[in-house]
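Okay, so chain A shows up in both of these, paired with chain B first and chain C after.
Now for the complex of A and B:
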């Protein structure tokens, strides 16, 4: 098992954001994490990536606990994330932004530059390499965010709503990109509200509600689960 | 006479043109949606109508009078109210305080208690959370608050910028249903959305913007059936 989470709990004062959450991700797997706004999905990402310390519970990555490790240490072990609100360095070029990620694996600027260039091509931003991040459109910033995560050399990449704010055609393009990332052997844990995308991509889906797991299984089964329909999907409009 | 009319509008950020020769009319009582890719100029259009940006050329008329030289707060007084992308609620203020801030114009202030009651009837969740800091609400509740705050200003034209952004499917359906209810209660709605399918399904008419220009106009149903729209915006 690449990632093992057991009994994960996070309380902010009296509020339990995540309660007794358990999850496993196998190497090379794509797992979807869905749930209503405020269910605790992003908090789970913050815990896995070391941005928050858990109140209780275990997180093991490649068999080693990462509880208490700093975000950059976790990233170096091969667990990288993206952010829901994309966070590029706005005054750096696309290439320089991705180089920042590549320095996770190398100290050599030439090597980081070469790797960043490859990844920009891979995500479809080759023509934008010298564009300052502030001048990129939202879909391009989402691609940049993914390239930067990939540049850190992850075995598991956490994607936090990389499709939000995109139209259905732009979403199709991102689905294609995620499939190509997966084809390189990288496991993915994906938070997404775009059901068509999450259903098509995930081998398994985990549903979080009020900080607790209420369902887990194959996409088709989860989509039929009465609790999931009531808490999250709603009846078809 | 249309309620809102944009004619030959040019808007630019420095040297970068954002809208070129955009003409558009919103008729009283309708729900009209504007769809298009990211960067096509949709948000710029709403910001220009609100007076946050000045057009280089062309004009904006509301109820027949020019509003493109007015400061924002005068535009709001005329009855044009903007719910910005990303909600922009005041996180440290209580829900009730956020709502009250929506009714700062003289005309709206006179109806504050009334309006508050109507907003609470529309969004019972906001009544339950009236004393809670807005920053502690979920994304869906914050969107309800942003819409509620706009209604407190008693709009004739309600402009919504991507109200479904980042929201769970159940909440998206609820938000669209509420927009429809607001429109049925007599408020004209101008809706900007990436959620092309649901937006056009809700709207009587729609406009498609590409690279700052209007490239298609039609009824919601016509646009949903249009081959170009299907390919470019519906992912079909």
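Now for the complex of A and C:
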């Protein structure tokens, strides 16, 4: 098991954002994490990537606990993430943005530059390499965010709504990109509201509601689950 | 290409012309270089890492006092005292930086804490008899002794500070292209995203702090040797801190040459307005202030940002 989460709980004051959440991700797997707004999905990502400390529970990555580790340490161990609201280094060029990630695996600027160039090509931003990130469009920024995450050399990549705000054509392109990332043997845990995409991509789907897991299984089964339908649409009167 | 030629020409002039300058201009040029140097030292932490220190006087003062005290009390040559001061300043910078960064002080809160550290040292120096209290320390005038960092005329001092400034520029250029340089700029742009990309923000900021405070302290020793007099309000006072950051911001923070370019613009403006407007106290400072306001309003990325229109170079 690449990632094992057990009884993960996060309380902010009196509010339980996540409670008793458990999850496993195998190497090379694609798992979808869905749930209505405010369900606690992004909080789960913040906990996994070290930006929040859990109130209780265990997180093991490659068999080693990452609870209490700082974000850069978790990234170094091979667990990288993107941000729901893209966070480019706006005054750096696209290439320099990705180089920052690539330095996670090398100290040599020439090697980091070469790796960053490859990854920009890989995500389809090759022509934008010398453009400052502030001048990139939203779809390009999403790709940049993914390239920077990939540059850190992850075994598991957490993608937080990389399709939000994109049009159907752009979404198709991102789906293709995610499949190509997966083809490189990288496991993915994906938060997404675009149902068509998450259903198509995921081998397994986990549904979060009010901070608790209410369903888990194959996409087709989850889509028929009564509790999931209720969570999204409300109970029938 | 044009930039390289212009740079080479400027460097040639800086090396060759000074012996033929009248003393007054030489003095101005020494001030330009000292301020450019302080700006370059500040720029590593403030410009690249984006951590705006208002308290670099702390390191300047530690440098000035350490070398001067070692010389006066123990007869240690200031050339060595300079390194001792640098090491002490770096240690103090690491302590101040650790206390600030570890507890998550960012932006203006960090700036205020650095100011407080410098003021604290100033008050300690004022109240400590052993370091001359508010009267300060005088390096007695005597024969020129290059081994003790004492020269006969102003010209050798000029070449010393020129070498220091060129050294600081060279270090900055190396830094900019290194892993540390990328990490610092990433932290400046977005610390959370930098951490998520594997950047040890605390460790990298502390490295920038140590380097920046070390270099600033060397400038303090130069000041002490050149003027042969230091006191707490000159060396630990806020004016020194402000001078360093002004050169960098006006010239272009986070650029290799920005601080030096800034010093070449600001120092002459300050000197000229003082020389030309006599008899009306304060008018020269107003002119200086006006130039600052104009630069900051119309060139938010400094003079280099305006020349380049692209703040972060990175071509290989």
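Just so we're on the same page, the second predicted complex is superposed on the first by the 232 of 237 C-alpha atoms of A that agree within 3 Å, B and C clash if a C-alpha of one lies under 4 Å from a C-alpha of the other, contacts with A are read in each partner's own complex, and residues count from 1 in each chain.
As a working rule, a residue touches a chain if its C-beta (ideal position, glycine included) is under 8 Å from a C-beta of that chain, and two chains touch if they have at least 3 such contacts.
The structure displayed is predicted, hence computed values, not measured ones.
**Q** If you tally the residues of chain A touched by each partner, is the higher count for chain B or for chain C?
**A** Of chain B and chain C, C contacts more residues of chain A.
**Q** When the two structures are overlaid on chain A, which partner does A:171 contact: first (chain B), second (chain C), both, or neither?
**A** first
**Q** Just chain B (first), just chain C (second), both, or neither: which does A:201 touch?
**A** Neither partner.
**Q** Using the superposition on chain A described above, determine whether A:157 touches chain B (first), chain C (second), both, or neither.
**A** It touches nothing on chain B or chain C.
**Q** For A:37, is the partner it touches chain B (first), chain C (second), both, or none of the two (neither)?
**A** first
**Q** Going by the contact rule set out at the top, does A:84 touch chain B (first), chain C (second), both, or neither?
**A** first
**Q** Which of the two partners, first being chain B and second being chain C, lies in contact with A:75: first, second, both, or neither?
**A** The answer is second: A:75 touches chain C but not chain B.
**Q** A:107 in the overlay: touching chain B, chain C, both, or neither? Say first, second, both or neither.
**A** Touch status of A:107: second partner only.
**Q** Once the complexes are superposed, what residues of chain A are shared between the chain B interface and the chain C interface?
**A** none
**Q** Could you pull out which chain A residues touch chain C in their complex?
**A** 49, 51, 70-73, 75-76, 80-81, 83, 87-93, 95-96, 99-101, 103-104, 107, 109-110, 112-113, 132, 148-149, 151-152
**Q** Enumerate the contact residues on chain C facing chain A in the complex.
**A** Per the stated touch rule, the residues are 177-179, 182-183, 185-186, 189-190, 192-202, 310-312, 314, 316.
**Q** Residues of chain B touching chain A in their complex?
**A** Touch residues, chain B against chain A: 35, 37-39, 137-141, 162, 165-174, 176-177, 194-198, 231-236.
**Q** Which chain A residues qualify as touching chain B in the complex?
**A** 34-38, 84, 137-139, 161, 164-172, 193, 195, 231-234, 237
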